[in-house]
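A quick write-up on the structure given underneath.
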């Protein structure tokens, strides 16, 4: 039989089975659990590499399983899917290492890592989904598998955060379901195809299509934390740092943004969406989110909350890039899907390190922290500059292409948005850096752990340093083969220039 | 060899074996547990055998006593009956496994005969094509269910059982009156023959009214659900599971049959819409009540009220070609049976574990009974209609039908109902993670009880991935062929 | 219009009287009796209409059904009465408590 | 269900009117299945049509009905001991009456059972009378010997449905049809069934009257 048919399924299985195994593990089996975790992550990375190679040579792996009569469960490793799946599998490996270090000695680790793996399974499923119902399936699975991670600490606060997360995401999910079924009753198919699969539907369906678009985008916007659907995100910060990192950089928020990309490009097709007059409002929503998120971030003293609001703003760049509806802007949006992930996860790792090593949670406590933890803060600095959009870090590339794309599409106002948000980014990141590097350290840190001569445990230090390097690399080597940029351009060509 | 197996009268075994088992358990209580477990296992095998036979030969017919209808009674099984039989067999096996550990000696010897007779009655009902014979099986089920409800004694159980008995007897009498009218109107009690003979006469309308009312009462459709929560919440856990999962489905099955073969084709849109309306009301009201409960078993019982509502949404949606809507209803019935049984077993475990079922102080059971909580979570996924689960498939098909018909009112009801379900499921799960104010000592829960619940929940998930295998089976004999009201 | 219909109408009457009594009376014994009256009504309709055969011999099938029905009714009544005794012993009165939560 | 009577009454009247109208709408002449039964009488094994329907044409119903009766008893027994009732005071008149009447009732039952084959009567009527005899004896304070209250009593109770099931299984093997009697033996099989059923029904009814499961080895 043909192995290729099973590769995407194996990618899913690599983390799903890991998760199920780990659930069964006794709490004290630390070593075995660690081995399993890393084994799963590495296996997935290898398989993804295989698919990537295939994709690079124009061969896209696909798994098909019957789900309903004339409706299949499809996993296809198309270019867009590969972009996201590569990001999430790389970052999963790093986050796993980080989480192992972070949770050392804390209770219920089997449960934690079990759901952790399920969460990544769902993300990869979202990435590989080849039609809307498969996407929906993994999208809901993502909701369910993240909930236990958010309430992991079992405090009353955690329970409430989990509740509001569910209220938001499940409402979103049912909107998505409704839109999906409705679309299915009209088209009779849900297969993702470049430039959309609704050509068959003429003007008489205009209203229905607009309604469906709104349903789908609203359903996805909840996870993508588009204003005003972002309410759950800051609360979810009660979760342990690795979870926040995963939520913001790869899993939940990204899944929402990725879904929006899918809907616009592979369900409606960007031209049709523009014709239906849907991209304009979408761009408006994105703009509002960008500005609003940055403004709120300015006034947070809690580091993780500031990063959370910065996510609200940054993820909307992706949506904006999509909504501008031009090839170059598309490149900007798609490449930011990866770049934002690299930079934001760096920042969250660093925040976690500060909290875990020094007990520092607030920005006002960060004076001179750079001297105590130089490597961590170096990584943090890289991430911040990336967010601001300073070259040579990856963020610059994103904003550059977004700007070019906006001009090419004749939407100059976007430049203003970019400039304004960059200023705001600077306004809420530079003070942190200034405190960290140029203020004298206090006599005692709030709650310091001793790691001997090292600034912190290597498992906590390695991941942020690597991601920071990747962020720089993605910026410097943007034009190299396999760079996110190259890949994003390939996707854009498929969407725009295909006959 | 294969032929020999193929020709075993599986359907007859389904009826006679549990009867023999029940009587044996009554005569020699010592063997009860073993025999009960054995019987349930053989029943599962027999259903498989019957399915195998029907895949080969299509629908199953057997003229009892060699007297074909109208003179005699005929056993009849098509895809729909098969689905119901499979549902009863699976849930039954899990219940039997659970009960071997659940009941202490004195109750155990009372439980098993009643339970096996109930199984026999259910199988007989799903296999009958004769509306008077259906009446007898219905009464058999009713009496068994009431006796089981009262099993543990105590104020709530007894008065709950009493109310249940009155309701179920009233329902059966109304149904019987309908049978009488149909017989005297058309000279037969065989469904197939009636299907050919009926035309829209006053007799038929009277029969339709009486039978629908009676069966709706027995199925506990809003607003005739008043008897269900007290009974289901006060019965022993495995009994609650049987009541919610199987017993209410029995009367629903009869209603569905009558509707598909006899009343539907007469074009009773009015009745269909009324049933749909009540169903919608049940979804909303039941979910609302479930959200308000502070006791787990009552919450689950009201969730049953809500879930029954979904089944009735199929009636107005089946206009014209009703296959999609009816398949949805059948699928929902199956997955609800599995999931809801799992939930009641979970409730039983938590009750055994902590000595109470107050939701607000479940006290970190997620660490202390992981298997049980997993079972509840998986069952919850199906009840909420989230993918991948049987509940999702049913919801999807039903939504599809509703959107094709442009019934936005029902669409909204389904959406809201799903969210409310999520509300009360996670109300429970949220507390499973938190610490109770007063940590209490706990009793151990036998593994068989934990696994029985988990296996049912897993089954509820799996049926969501096997739609392409199950739906064709349900299609055997084209039960929904004439389905739905003629437009 | 022959005598059969007269009896049948009486049966309908019994059914309705029983239903009324079942609903309005709180005492369980009355409720149980009411159910029995309803049952008798149905059985009466069943046998009465069986007499409509042209010849002297009535249709035997309803008679058989009635016997079955009576046995079922007897069984149910026995269970109901005993359950009533238990409820009365448990709660002190042979009535149902008002259900809570509704 | 607390509807005020003044709302309820008209509803019930409407129901009555509707049902009455429906009943009256039936044709005056309808033979039902009478001809069909008559046609099959000679192969039914009995000459009383009602018995033929009960124990041959629709014997399956009767099987389940026996189970219903047993089920009711199981239900009653599963409820545990009944609330204490005053022991009937030893009453000479009742006692004598019981002694005189019980044998007569048993004879009558036997007679009814026998004539059931070709004229009104049969297992259920006979069983009812037998049950009445039991009730009378119980009222007179007579109790089953404690040695018999265990398995023997249970056997007597199960006998009826058990006989039906046994014959159902036998017929499955013999004719391949559930309860499909070989024509030659139909009569005798029906007689066996009826006899066993009569005893079972009588005992069950008496046991139902007594209420709770009689305790083991408790002297009366």
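By written order: A, B, C and D. Residues from 1 in each chain.
Throughout what follows, contacts are C-beta pairs under 8 Å (C-beta built on N, C-alpha and C of every residue); 3 or more make two chains touch, one makes a residue touch a chain.
What you see is a predicted model, and the numbers here were worked out from it, not measured in a lab.
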Identity of the most central chain, Cα criterion: B
Contact-richer chain pair [A-B vs B-D]: B-D
Rounded Å distance between subunit A and subunit B, as computed from the means of their C-alpha atoms: 43
Approximate Å spacing (C-alpha centroids) for the pair subunit B, subunit D: 30
Mean-CA-position distance for subunit C and subunit A (Å): 68
Centre-of-Cα separation between subunit C and subunit B, whole angstrom: 27
Multi-chain contact sites of subunit D, meaning residues that touch two or more partners: 1, 19, 23, 26, 30-33, 37, 57-58, 61, 65, 68, 71-72, 75, 79-80
Overlap residues in subunit C, where contacts from two or more other chains coincide: 15, 19, 45, 49-50, 52, 61-62, 65, 68, 72, 75-76, 79, 83, 86
Numbers and ranges of subunit A residues touching at least 2 other chains: none
Chains touching one another, given as label pairs in label order: A-B, B-C, B-D, C-D
Residues of subunit B defined as touching subunit C within the complex: 132, 135-136, 139, 142-143, 146-147, 150, 153-155, 158-159, 161-163, 165-166, 169-170, 173, 176-177, 180-181, 183-184, 226, 229-230, 289, 292-293, 298
In the complex with subunit B, residue positions of subunit A that touch it: 23, 66-69, 108, 111, 133, 136-137, 140-141, 144, 147-148, 151-152, 154-156, 158-159, 162-163, 166, 170-171, 173-174, 177-178, 181-182, 184-185
Subunit B residues within the subunit D interface of the complex: 9, 12, 16, 19-20, 23, 26-27, 62-67, 70-73, 75, 110-111, 113-114, 117, 120-121, 124, 132-133, 136-137, 139-140, 143-144, 146-148, 150-151, 153, 177, 181, 183-185, 187-188, 201-203, 205-207, 209-210, 226
Subunit B-facing residues of subunit C, complex: 15, 19, 22, 28, 31-32, 35, 38-39, 42, 45-46, 49-50, 52, 61-62, 65, 68-69, 72, 75-76, 79-80, 83-84, 86-87, 90-91, 96-97, 99, 101-102
Contacting residues of subunit B [partner subunit A, same complex]: 364, 366-367, 370, 377, 381, 384, 386-388, 393, 396-397, 399-400, 403-404, 411, 415, 418-419, 422, 426, 429-431, 433-435, 465, 467-468, 471
